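Below is one structure; the comments refer to it alone.
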Amino acid sequence: MNDAANTDRWIRWLNTLQLVIAGVLIMAPTVWMVLSSFKPSFEVTAYPPTLTFSPTLDNYVELTKTTPFLSYALNSLIVTVGSTAFGLLFGIPAAFAVSWTRITWPAILTLAARMAPGTLFLLPWYVMFRQVGMIGSYTALILSHAVITLPIVIWVLLPSFDAIPRSVFEAAQVDGCRVARILWRIAMPLVASGIAVSAILAFVFSWNYFLFALVLSNGDTKTLIAAAFNFIGEGSTQWGALMAAATLIALPPLVLAALVQRWLVSGLTLGAVKG
Amino acid sequence: ADFDWMKFKGKTVIFLANNNPVSQALLTYRADFEKLTGMTLKVDGYQEQQMRQRLVTVMNANSDEVDVYMTLPSREGEQFAAAGWYADLTAMAKNDVAKDYDPAGLSQALLKAATFNGKLTSMPMNLEGPIFYYRTDIFKKCGLEAPKTIKDVEAAAEKIKTCDSTVTPFVSRGLKPAVAYTFSNMLHNIGGTYMADGKSNLCSAKGKEALDTYSRLLRDFGPPGVVNYSFQQISALYRGGRAAMAFESSNELRTVMEGGARLKDTGLLPFPAGDAGQVPTTIGWGMAVSSHSKQPDVAWYFVQWATSPEVQKKMALQGIAPPRPSVANDPEYRKWIDEEPVRKEWQAALDVLATKGSSEVGYPIVANPQSREFIGQAVQDLILKQKPIDQACADADKALDALISLN
Amino acid sequence: MASISIRNLTKRYGNFTVIPDLNLEVADHEFVVFVGPSGCGKSTLLRIIAGLEPISSGDLYIGDKRVNGVQAAHRDIAMVFQDYALYPHMSVYDNMSFALELRGTPKAEIDSRVKRAAALLHIEPYLNRKPKELSGGQRQRVAMGRAIVRNPKAFLFDEPLSNLDAKLRGQVRAEIKALSQELKTTMVFVTHDQIEAMTMADRIVVLQSGTIQQYDTPETVYERPANQFVAGFIGSPAMNFFPVEWRQERAVLSEGGAVVPLDGEPAARLSKAGSAVLGIRPEHFAVAADGADGVAVTIKLVEPLGSDTLIHFDLAGGSAIARVDPALRPKVGDRINLRPQPGKTHLFDAANGQVLR
Amino acid sequence: MPAGFVLAGTQPDRGQEHMSDTAATLTQDRQKLEMAALSAPAVVFTVAMIAFPVVYTIWLGFQTFSTTGKQSFAGLANYSKLISDVEFWHGLWVTIALFVLSLALQLVFGIWLALVLFHAKRLPGIVRSLFISPFMMPPVVAGMMWLVILDPSLGAANYILQSVGLPPSDWLASPTWVIPTVALIDSWQWTPYVALIVLGGLQSLPTSVYEAAQIDGASPFKTFQRITLPLLLPTIVTAAILRSVDLLRFFDIIYITTQGGPGNSSNTLNVYGFRVGFEFFNIGYASALMLTLTAIVFGAVLAFNRLRGAVAW
Amino acid sequence: MASISIRNLTKRYGNFTVIPDLNLEVADHEFVVFVGPSGCGKSTLLRIIAGLEPISSGDLYIGDKRVNGVQAAHRDIAMVFQDYALYPHMSVYDNMSFALELRGTPKAEIDSRVKRAAALLHIEPYLNRKPKELSGGQRQRVAMGRAIVRNPKAFLFDEPLSNLDAKLRGQVRAEIKALSQELKTTMVFVTHDQIEAMTMADRIVVLQSGTIQQYDTPETVYERPANQFVAGFIGSPAMNFFPVEWRQERAVLSEGGAVVPLDGEPAARLSKAGSAVLGIRPEHFAVAADGADGVAVTIKLVEPLGSDTLIHFDLAGGSAIARVDPALRPKVGDRINLRPQPGKTHLFDAANGQVLR
C-alpha cells in the first residue's frame, strides 16, 4: 500500500517536474522578449546577454510617441473581435451541421482559403473590395480575417461536437427542438470548452494576421500588427521598441486566454447517458 | 512666377511611405506642408517589404489610391518604369516649381539614376550607400593604419585576427538578397562590371576576384553565421564592440552609435580602393508620383515640397544625408556635423559617395531584384565552400544570362 | 391521443436486418407493452416511432397521418430513453421543464407540472442538481419525469423503471397506469419485467428478432401462448418443455418414457399430432400423493423465494423447475411426485413451435 | 400517493411549436434543409470570398508577363517551366521536410504539453495562458527574436551552450541545420497551439471510461496509450489538419530569419512563390507555383480528413 | 480471494452526507448482495470499495491491507458499472480483453476467456462491433463480460442485469453464481431484483440512506426482518402494515377496530407492548371460510399475474394487498374473509419501527 501511495506521490512529483520543464522551455523566450522590452535597444543584442540592467520604460514611451498605438490597437480590436465573432457566428452552426450530418465537404471548403498562400488573395481582394468601395473599411478587414477565423472555429469544434452522445440530441428532438434550437440550447453549452479554445485561436490568428490589412486597410484602419514592422528596417531597427510592441501586442490575447480559461471545463457529458 | 502653394487648397494627397528614418524625418514636418498648401496629407507608412507589397497590389489593380510613393530607383526603377508605374515628372520638375526649388541643386547622379528612357521618375530624398566603419582603438592597438586599399583591409583583418582574437575582424552582408548592396561596391572598386556585351560578366577575372575577395573576407574574418547577416546583425555586432571593421550602410550610423559605446572609437571611410579606385555605391530613396494617380499635379506639390532645399535641410539636421550638395554645405548643417567627430567623417564619406558614386546595385536590368539573388547565391556558395569559384561564377553567369535575355 | 400504425416496416443497419417486416396497430388510448429478448429490436422500434431512426421501408402512421419523413420534433411524442440521455448541463428541473418551455407553456404551469412529476418520482430534493450528481435510479427518474410532464400524442417508455427498487417501481408503475387512463394518451412501454408487462398492458407485443410472435392481452399471452417461444419467454421462471409422444393411447415423455397424466383435450391433440412438445409452467405442477398418477422426480436444488419455493429437478433429459408451497419444506434429494394441473398444459408443434390447436 | 393523481392537465400542450406548419415543412427533408441552412452561411461566405481569387489566379497561371508588363496567354508554359525548375523541386523538398519534421515535433510535444496542463488543474488561469503564450506572439516578432537568440555570435543560445561546455552551433546559418532549426522555432511557437486544441479535446472526453480503465488495472501510461490517445485521435488529426495548412505554406519565420537561405536551403515553396511574384514580378509563374502549392495542401487535407473519419469512435 | 472490511466509513459530497457511519465485513469468498432504495448509497459504496471515490473518513481493508489511499488500478477488483462505462473506441472483444492484456495474459488464454464469457452472455455475434452499435441489454452484457473474464480479488456488480430479459437474466444469474463458486471470489452485488437478491446472496445488506438496516442471510431477512423498513422493502408486493392494539385480550386494528386473529406468540408480544404495527405479507393471508375467524374485506382491484392473483383492498384506513390462488377467481367488489397465516405475522414498535421481540 505504501508502494502505491509512493507511486502516487511520485507521479505527482513527475507531473510538477514536467510542468516546470515545459514552463521553462516555453516561457524562457517570452520572458526574454518581455525583459528586452525594458532594455535600451542596443542592449537587446548585447553579448553576452545582459541579465542585470536598469529597466527603462523608454521603449514604451517611444512606442506611443512614434505610432498612434492606441488607435491602431483599437483598429485591431475592432477587426479581431469582429472577425472572431463572425467566425463563431458562422462557424459554430457549420461545425454542428458537419458533425451531425457527417458530410465534411463544407468544412473542407471553408478551409480552402487557408490552403492557398495568403498572397494569392491580395490583388483579387483588393480589386473586389475596391469595386464596392470598401478599401480601408473595417468591414473589408473583418471579412478578410473571417476567412481565417471561420475554418479554425469549424475545425476545432468538430471533434467536440462529435464527442457529444447522440442520444442527448435525440432527447432534445423528442422534446420538440428543431436543429437550430438543439444547437443553441444543447450542443453549444456542451462544447463550451471547444468554443473557448476556438475563440482564443481565432482571436489570436486574426489579431496577428497582417497580410490582408496590408492592402485592405488604409492609414486610418491599419492594425497594430502591421505597425509592429515599423520597428525593423534599415537605419531604424529598434529592438527595444519592437519587443515592447510585441509585448503589448501579445497582451490582449493573453488576457483573453486567461479570461476564457474557466470555460475550459471538463466532463460535462458525465452522467448523461449509459453506454 | 505665378507659382502658388495654395493652388490645390483642400485637396488630399495620399503618400505611401516606407517607414524608415528618411520618411520619419520628413513627416515630422507634415504639418508645415499642410499649412503651406492647405492640402491634407494622408500617410500610409509600412516597413519596406510590406510597403512594396502594398504598392504592387495597388499598382497592379490600376488603383488611384496612392498618389505619391517612395521608391528605390536602383532596385526597382527599371521594373516600375517598364511597368509604367511612374508618372513622368520631367515637365513638372521644370515648369511647375516654386522659385526656390532649385531642381538643378539635386544630386545629378541620383537624378540620372531615376531617369529611365528619358523620363524623370522620382525626385531624390536622401543619399546613402555602404561605408566602411572601423575601430580606431583596435587598429591602433594592433599597429594598423586606416586602410587605403582592399588589400589593406585584408591585411588588417589578418593582423587583427591574431592581435585581438576576441573580435571579429571584418563583417559585411552575407544574407543572399542583401549581398549585392555591399558587394557591388567591392566589384566596382576592383574594376569589375556586372555586364559586358549584354552578358553576365561575373566569371571575368575581375569578377572572380571580387567574388573571391568578398567571400574570403567574410569566410575567414567574418562572424560565424555570416550568411544570415544583414544590417541588423552587422550593426549589433559592431555596436557591441565585437567587430573591428564593418562594411554597412551609411544609414546605420544612428543604430551603430546607439548607447554611445562606439562614439569615440569609430572611424568612417568610403570603402577602400581597389584597382579601379573608389567607386562607391550611392543610392537614395526617391519620391515618385503614381502613374495611376488622378491628380499628378497635386501629388507633385507634395513631392516638390518634400524635396525642396528647405525641407531637406531640416531633414539633414536629423541625420538624413541630403541629396543636395548645397544643403551639405549649409552652415547650420555643418554646425550639426561638427558636433561629433564621427559625423564629420560620415559626411566626408558621403561626400565621396555623392561625387564618385555609382548607383548600380545588381544588374542594370528590369529583373534587378532577381539578379541580386544570383549574386548573393554565388557569394554564399563561396562562403560556405560549397562550390569552387569557377563553378560558382559560372552557375551565376548562366542564371543571370537567362535573366538578362528576358529583358 | 393518436393511434400508431406500422405497415410492412423494415429496418436495416447496413446489411444487418433488425426488423424484417413488421405490422402493428396500436389503437388510440391503448397501453401496449413490448417485450422480447435483449437485442430483438424493441428500442429500434420505439426510436422509429419517435422519428429518430430512418425507416428502411414501409409506412408509419400516427393518427391518420403518414409520418415517415416527419421530424421527431414534430411528432409530438414523449420518450424515455433506455440510456436516459439527460441534458448534462441542465439541472434536473431544467431537464424536465425544457420541453414545456419550448412550447411556451406559462412559467407557473411549468412549475406546477414539474413539481408534481418530481413529487411522484420522489426527486424533489434533487431539482437543483446536475445529472452527474445523481444516482443511477435518480437519473432514470429524471428521464421519466422529463416525459411525464408533457401531454403528448403518445408516450414511449424504453425500460423506464429498470433501475428502481421494487417498491418505488410499484408506485411509479401505478402512477403511469393512472396517468395513461387520465390523459387517455397512447402508450408504448418496453420492459423486461413480467409483472410490469402483465399489470400495465392492454395488450402485449412479444417480439423476437424483429418479428411479432404474439400481440394480445396479457392473460391471453400468458394462458394461451401462440408458440413455444412466447410460452417460454413469458412467465418466470420459464415454462418447462418436454418432448412427448403419443404411445399406447397415453402421453409419454420421449426421453425416459415416463407417463404424463394429460387431461382429455390436450391428450386428443397429442394423439392427432403423434408427437409434440409439452409445456408446463413451474406454478402449474401439482404435487401428487405418492403412488398417484404423476412423474416422480428427485429434487436437485431448492430455491426459497419466501412466498414460494422453487424446486429444480432433471426430467426427460433436461432440467425443469416447479414452484411449490414453502410449507412443503422440500429438501435436496427428496423424491417427489409431480403432475400437471389440469387445463394448464400446452402442446407445441415440435417442428415449428406453433401451438397445437 | 393517491392513485389516479393527475399529472399533466388534460388539456393538450398548448402552443405546439410549429404544429400549424404545413406538412411539407415538418419533414426530415426539411431537417436536412435546416442542416444545410446551418452550414450555408459559412459555405456561401467562403465561396464568395475565394471564388474570384482562385479563378483569377488560375487565369494568371496561364499568362506570361513580359518585362514591359504586357501579358499574353501562355497555355501551360508556366506549368511546364515548373516541372523543369530545380528550384521548384528543391522548394517542394524543403517544404515537405519542414512539414514532416515540424508536424511531428508539434504533435508529440503538443500532446505532451496538453496532458501536463490537463493534470495541472490548480494552475491559475493567467499562468496557463503563459504556457500557451508563444503562439500569441506575432510570428514576425517570434522570428526576429529567435534570429537574435540563435545568432551564432550575438545570441543567447550559443552563449548558453558554451557556458555549459557544449560546442556552439551555426543554427540558421548552417545549410544542414537550418531546417531542423526552423522546425524547432516553429515548434516552439506552435506546440502550445496544438496543446490548446488537444486540451480542449481532453476536456470533452467521456470520463467514465477512465474509471473503467482504473478498474481494469491500467497504468497511467497504458491509460494514455490505450484510452486517451485513441479517444483523442480525432482531435489530434484535426490539430494536424490545422497545422498542416500552415506548415505546408511555411513562410513568416523563414522570411524573417533566413529569406530562404543559406543558399536556398530553406527556400520553401511559399517563400519561393512569394519572391517570384512580389520581388521578381513574375506574376504568371508565381500563380502557377502557388496553385500547385495549394493543390498539395488540398491533397494533404483530404488525406487527413480521411484519416479523421477512420479514427472516429 | 479477499475479505472486505469497512470500518466507521463516512462519505460526503460537499455537505451532503451519503454514508454517515458504516461498518461492514464481507468475508472471503462471500457473496453479498446490497439492496436498498434508489439513492441510498449502494453505488457509492461499491465505488468506494473499488477505489473510485475518496473516503471522507474511516477505513477500508481488502484482505488485511488498509487500502484507503490505494488507487483503483492497484486494488485488483473487477467491477460492472451501473452506467456500463464501455470503451467507445474498442470493439466488444477489445473491451473484454483489455484488462487481461494489461496483465500480460497470453493471447490464446485471453481469446478463450473472452470467447467463454461471450458465449455465456450470448454476445458472440457482436464481438467485432463497437458499443454504439449494440442494444442496451447487449451493452450491459459487454460490461458484465468485461468483469467476468477476469480473476480478481473481488467482483463488484452494480445492477448488472437490470436491462436483460427475465430468461437471460435467469441464465446469467445462474452463471454468476456458478462462477463465484468456481473462482471462490468475494462478490458484492447490487440489485433491485428481489429474486436475484434472494437466490444469489450468502448474505444481504439492506441499506437505507447510507446506513445498514440488516445484514443477514436471505431467509432471515425475509422471515425475520429487523425492522419495519426491511420488512416493507423486502418482498414484492410489499408487506402490509396495520396499526394494532391489544384490547380486551385481543388484537384489534387501531382503525376500524376489527379483530385480527393472532396466534399465541405474537399475541403475547402485543399484549406486552400494548400497541404496535402488524406486518403481514400479501402471500401470508389465508382465505378463511365465511364466518370463520378473520377480517372481511372488499376487493378493490384484481391483478392476475398468471401464477397468482393479487387482490387489493382497503383495510384500517390504508390500502393492502393479498396474494391468492387464481383458482379463486376473485372479482372486484367481492367480499372475502382474510386472516394471517399462523406464524407469519410480524410486530413492530410503532415509534421506532424495530421488530418486537
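Letters A, B, C, D and E mark the chains in the order given here, with residues in each chain numbered from 1 onward.
The rule we apply is simple: contacts are C-beta pairs under 8 Å (C-beta built on N, C-alpha and C of every residue); 3 or more make two chains touch, one makes a residue touch a chain.
All figures in this text were calculated on a predicted structure; none of them were measured in a lab.
Both subunit A and subunit D are touched by B, C, E.
Ranked by the number of C-beta pairs in contact, the top chain pair here is A-D.
For the pair subunit C and subunit D, the distance between C-alpha centroids works out to 54 Å. Centre-to-centre, using mean CA coordinates, subunit B is 93 Å away from subunit E.
A straight line joining the Cα centres of subunit C and subunit E is 21 Å long. Of all residues in subunit B, those that touch two or more other chains are 53, 60, 232, 236, 240, 242.
Residue positions 51, 71, 73-74, 76, 82-83, 102-103, 133-134 of subunit C each touch two or more of the other chains. Looking at subunit A, one finds that residues 45, 47, 119, 123, 127, 176, 178, 190, 210, 229, 232, 267-271, 273-275 touch two or more other chains. Applying the touch definition to all chain combinations yields A-B, A-C, A-D, A-E, B-D, C-D, C-E, D-E.
Partner subunit A is touched in their complex by these residues of subunit D: 16-18, 31-32, 34-36, 38-39, 41-43, 45-47, 49-50, 52-54, 56-57, 112-113, 116-117, 119-120, 123, 125-126, 128-142, 144-146, 148-149, 151, 153-156, 159, 188, 191-193, 196-197, 199-208, 220, 234-235, 238, 241-242, 245-246, 249, 251, 270, 273-274, 277-278, 287, 290-291, 293-294, 297-298, 301-302, 305, 309, 312.
On subunit D, the positions that touch subunit E within their shared complex are 206, 208-209, 211-219, 222, 226-227, 230-231, 313. Residue ranges of subunit A in contact with subunit E, taken from their complex: 1, 4-5, 7-8, 166, 271, 273-275. Residues 165, 167-168, 170-178, 181, 185-186, 189-190, 267-275 of subunit A are the ones touching subunit C in the complex.
Against subunit D, the residues of subunit B that register as touching in their complex are 52-53, 56, 60, 79, 82-84, 168, 175-177, 223-228, 232-233, 236-237, 240, 242, 366-367, 369-370, 373, 376-377, 380-381, 384, 386, 406-407.
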